[in-house]
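Take a look at the structures listed below.
There are two complexes below, and they share chain A, which is joined by chain B in the first and by chain C in the second.
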Partner chain A sequence: MNMQQAIKMTAAETALVDAYTAQIGDLPGDGSVLSVRDTLVHELRTAGLPTRRVESWHYTDLRTLLRAVPAADPTAFADRVDALVPGSTVLSIRNGQADLKGNPPQGVTVRSYVDSLLDGSAAAGLAVLGFDDAIGRINGGLVRGGLEIAVAAETTLEDPLEIQLVQSLGQAHTRFPVTFGANAKATVIERHLSTKDGESFVSSVSDVTLDEGADVVWIILQQQGAADTHLGQIRFDLGKNAKLHLFVINAGGKLVRQEIHGKTSGEGADFKLRGINLLGGETHTDVTFTLGHNVPHTTSTEIIRNVVFDRAKGVFQGKILVAKDAQKTDAKMACNTLLLSDDADLSAKPELEIFADDVQCGHGATVADIDHTQLFYLMARGVPENKARAMLVNAFVAEIVEELEDHEALVESLEEVISTWLDKHA
Partner chain B sequence: MLEIKNLHARIAEDGTEIIRGLNLTVKAGEVAAIMGPNGSGKSTLSYILSGREDYEVTEGDILYNGESILELDASERAAKGIFLAFQYPVEIPGVATMQFLKVAMNEQRKYRGEDELTTPEFMRRVKEAAAELKIAPEMLRRPLNVGFSGGEKKRAEILQMSLLQPKLCVLDETDSGLDIDALKIVADGVNALRSPDRAVVVITHYQRLLDYIVPDTVHVLYKGQVIKSGDKTLAHELEANGYADIIEAAA
Partner chain C sequence: MPAVQETIDQVRQIDVDQYKYGFETTIEVEKAPKGLSEDIIRFISEKKNEPEWMLEWRLEAYRRWLTLEEPTWARVSYPKIDFNEIYYYAAPKGVTGPKSLDEVDPEILKVYEKLGIPLKEQEILAGVQKSKIAVDAVFDSVSVVTTFKEELKKAGVIFMSISEAIREHPDLVKKYLGSVVPTTDNYYATLNSAVFTDGSFVFVPKGVRCPMELSTYFRINEKNTGQFERTLIIAEDGAYVSYLEGCTAPQRDENQLHAAVVELVALDDAEIKYSTVQNWYPGDKEGKGGIYNFVTKRGDCRGKNSKISWTQVETGSAITWKYPSCILRGDGSRGEFYSIAVSNGHQQIDSGTKMIHLGKNTSSRIVSKGIAAGVSENTYRGQVSAHRKAENARNFTQCDSLLIGDKCGAHTVPYIEAKNSTAQFEHEATTSKISEDQLFYCLQRGIPTEAAIALIVNGFVKEVIQELPMEFAVEAQKLIGISLEGSVG
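Entry: the complex of A and B
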């Protein structure tokens, strides 16, 4: 591809490049950071947003789907909301700007990501993951807020840490480098929500590192507004015997892409992905996942449950790569979908690329409607059809939430999010 | 209480006619047994009574307390007091048994314009009914029917029946898969519900269950019609001689 040849920019591409130009001199960063930003925006200007001809964007043609990008609105105001789980430590980011008031719990240090941009320590992390990393590119070019969080070795956090991102209007571009020291144990809730019905455009990248023996539950709960575009990415790197249980729930947004890119770097690492996509209206939601099993004796399981109503479109792409030396890898991926209208649509693309010869890997995908026998059984006991359907849809995803049984308050909160969504859409 | 008049019904999907001019009347307080060989339409009849949408009524009517129920869906029929104890109770992972019981009881009450049960009152009723049927509390903590043995499933059906207090109980092959002890518990549960304002339709292949739930009337179903009716001695006759004689006599 000739990156130099200028393309005719779409309205959205123009808006993104203009947003950058308008903020030159104002975007935080030292010389090294500003130079990375320049490169990223230059790539965006010359290559444009990815189309379906780019393999990893085949089902989400961003160039076509992203029709407009709202201008940044410096006057926008957003309120904090209550923590998802009572008792959590809330780290508040409103319209992309972190609020550093309040003390983090013992063993946790938090600093503004703006400081890392200003002193240049953020520069290396701004690199894209590859030519098709449109989210990394947009975010790296425009990021101007976020938090750098470090959980010290041997720290156990009793209460969840909630990174609360509230968006009202305009744009927000945030980044969260988070490190967990050896044997640290924590639950983090990365929560994206919107408080107004206006249109907003959000990109957010979390970059998570787990040292030896760290044990982390990370929840990404996306509840953006009905007109919003949400581009999320989480990158992770698991050290020896580290355990990451990543839980992604999409319950909002108009155009959503959540990418998950991780690797196992230490033997004994274990990764679990659980995803729930609640899709309705005329929305487009894409969860794209890649995992590199890079060393021997690492395990992973992935279960994605999609519930698709109306004219919504869902995409799940999952790719597990097992390196040549990564013997004894055990990886299993499943994507199950309930299609609840004739116009609902889901594309699932599970892939395995295995270069080692002594591994156990598998994947499966199912698509179904509500089970009619189950529906009849509930109705035969007096449960009206609408309620019976809602119970069955809820049951389909509740199974996944129940896996978090050690975190009772969290399970309750997530079940509440799910049933509220279903009451509204079903 | 129940009047089935010249009922014709077929499988909606492929049009196969299963019920071909069935007539049956069951009075309040009566226990009626429906017997018949495999394929005679017994289970289909139970599904049609309870409103399963896989079947289409093409002719005739079903009156319940004098009103046609053909236009009512399964949940409305249930709320009006029609209960089907399933031959194969359905497993529903992700739905907790207690939650299900509470929703079912309260939805029926709502339909009838009654107040919802308070949680303590609900708990008290479930505990009491479960103890009668020797259902362990652990079973009620599992998802609905998931991991229940055959006998446990049947007992759970009777538990639902005793909590919902229906007026017309249809038991579809409730004896299948039960050992003699479980059969007695289930029969005791059904007998406890016998009352002058309630009717029970017992669908069964074998006479065995009728030793424990003694019927007032027995009806033989064959090729979608009632070909003979009688009292409980008819069941013994069938047990001794099989269906062949009656089928021949009717032909």
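Entry: the complex of A and C
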């Protein structure tokens, strides 16, 4: 079968390719950047968006689910919002364009990603991760904003750095190459919001590198509108003894795919993923995770908690790969779901792919309703049923947030996000 | 801690060359011409004196098969199979169907004797401790003998080769054949529907508890032949049957294809227990030769409170592609899957199960134990799904992998899909080498390392071995011993 054979393009595919054609000459970057963009868009045109036949998109048939892509709306205006945690340094991106006002904290350099596109240094990073990297392809073809952030070695940031992406209708494609020097210590909040009820289409790729001994907490808080499409991706590479603690919270959007692709490149690296998916309404939210334990003596733990209401569909795919020589790997993954409606559904695919023998790897997955004994316990003490349910759902996800105990203000803000969402949906 | 050096050495030594059923028997055979075409299908159908409807059924499947593409999603790799280089029918000369034992070629009887399969009824009866097992022996493309038929008949149980059943009980076959695995199901099942040559047919009528274990023994003997067997087991309301299946093949340099289809139907309150000890020739230590075992097995819990239980011990085959599944259609039905998959040498296993919960209050349990050694690849692939209406569906899955050596791979790919809020699914998987704690505990009590490892491996698979019928448990334990345990004990 000839894969190059032209497919009949869907409305969304046509819209994406047209968006590229319409902006050609206007998108930042030429030479090598332009040639990568051309290739990516050509691939999109010939292969189309992935269907469920592509294993990594098994539960999210993007070709069918993505019905239309809203055109860019030059008149739409997005406002800044207050920082999630008071005192944070806010790096504001509005409708995909970075606003470089204000000075970054000591030890941090920030430059517009547009500059990297213009001087060609962004070209190498635009390559896709594989044939199934549809997000990398769409984003690489259409990216026209973002930030390049470098946290210098030995820098400790006291206050969080908030990358605030506010979207109002239309499309935005942003990218964030972020490097943390040796022993740098920081908390980054990547926050996606919409300010209008209309439909928007956002793709965002963060490319994070941690040098030896760096210690980073990275929060992705996605709270887009109920009609929005959000295609997010974070790539990371951990150096020797580097520590990355990644939190992903989805509490919005109609069609959401958050990909997390990382690898450990230095011994002693430690990765933690904590995910909370609050799914209600008609959302289809997919969190897809792959982690390559490529060198010996690295550890990871992943805990994903899903709460699924209404007609929502939740997907979690997690794959841990242990390379041939990565002895002494310790990797544990858990995906727990509270399925709270008969119209909702949840699919999970926790995979292990192991080529080293001296390892400890495991995964667990559960799907259940609220535990009736717990419910009974609370009700026996006079708590009304709906309140008891709310408490239990809240506790199910909030305990994940509590792991951030060193960041009290952050924990409070995230708990607030969770309880506001639950009050609205439960 | 990696497996101790002696273990690795011994695993390497033992490898797959220890295959003891690799002998070949020279028997005059009658073959269909090589290759696959409508004419070959007509030839097979004619050889078996099949009614017209059966031929049509086969031809329809064949036409469908021509439009299908070979699946590539499994984690196995092998050179492309040339389906026209295979003989689709090979029968010992003069044998068109099972006959009385006296008429069977003594050479064939010798084969089964060598394999340790009891075919003579008296012999079995003479053995005081042995319990009775009725055997259907399938040699290449035909069933050569079925034992204890008369005694089973008295109980109302029909146990015969499927070719005979097509002739003698066409209504039953017509009603159930293809009702669990339709001819359109998948590439290999469709191929099987077109060219299947023999297999077993079991019908246990209402309320009957089958008085003995039923068993089929598959043997591929002839060169370049594919074996395409079809098994159909029906348990009517309240019936019970336990069925065992064993397989071996001679040692050869070429790969041979075995694409079977097994269909189980359990009606109200019925129970079917299906056990397999799969020991096809796995290829030599360079990975040359061996059987490609591409099998579709599915059970349909059609009735209320019915139960289907699959137990498999997979030690043979160069490549295994096999997912014995349960469709839990009847309210209160239950599916079970117990598996030990041992891969060594260059073997590749991609096996697991599907539990499809459709009815209310259905439950399922999956226990899968994979042991990978040598340069083998061992994958568990499973699906558990609860349909919208599957209230109170319950599943527990446990898949553990044990790695011996650093050149093999163990993979786990479960698909968990819940569409009902009352469904309760639990899945856990682990991959590790032999636990240092356990080993230390044994050593500390004076058990030598090798014996301790043997003990632990044994314990690792015990849960599954226990599910096998007694007669098979012994064989299975021996087999694992040959494949691995001997290497460590």
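The working rule: the second predicted complex is superposed on the first by the 423 of 426 C-alpha atoms of A that agree within 3 Å, B and C clash if a C-alpha of one lies under 4 Å from a C-alpha of the other, contacts with A are read in each partner's own complex, and residues count from 1 in each chain.
By definition in this document, contacts are C-beta pairs under 8 Å (C-beta built on N, C-alpha and C of every residue); 3 or more make two chains touch, one makes a residue touch a chain.
These numbers come from a predicted model, not from an experiment.
Under the clash rule set out above, the superposition-derived model of chain A with chain B and chain C shows the two partners fitting side by side. Annotation for chain A, partner touching more residues between chain B and chain C: C. Of the two partner chains placed by superposition, only chain B is touched by A:399; chain C is not. In the superposed model, A:373 makes contact with chain B only, not with chain C.
Legend: residue contacts after superposition of the two complexes on their common chain; A:385 is shown touching chain B, with no touch to chain C.
Angle at chain A (Cα centre) between the Cα centres of chain B and chain C in the superposed arrangement: 80°, in steps of 10. When the two complexes are laid on top of each other via chain A, the two nearest Cα atoms from chain B and chain C are 12 angstrom apart.
Residue overlap on chain A between the chain B contacts of one complex and the chain C contacts of the other is empty.
Of all residues in chain B, those touching chain A in their complex are 50-54, 73-75, 77-79, 83-84, 86, 89-90, 92-95, 100, 103-105, 107-108, 111, 143, 160, 164. Across the interface of their complex, chain A is touched by residues 1-3, 73, 388, 401, 403-433 of chain C. Across the complex, chain A meets chain C through its residues 55, 58, 324-325, 327, 337, 339-369.
Those residues of chain A whose C-beta lies close enough to touch chain B in the complex are 372-374, 376-385, 387-388, 391-392, 394-399, 402.
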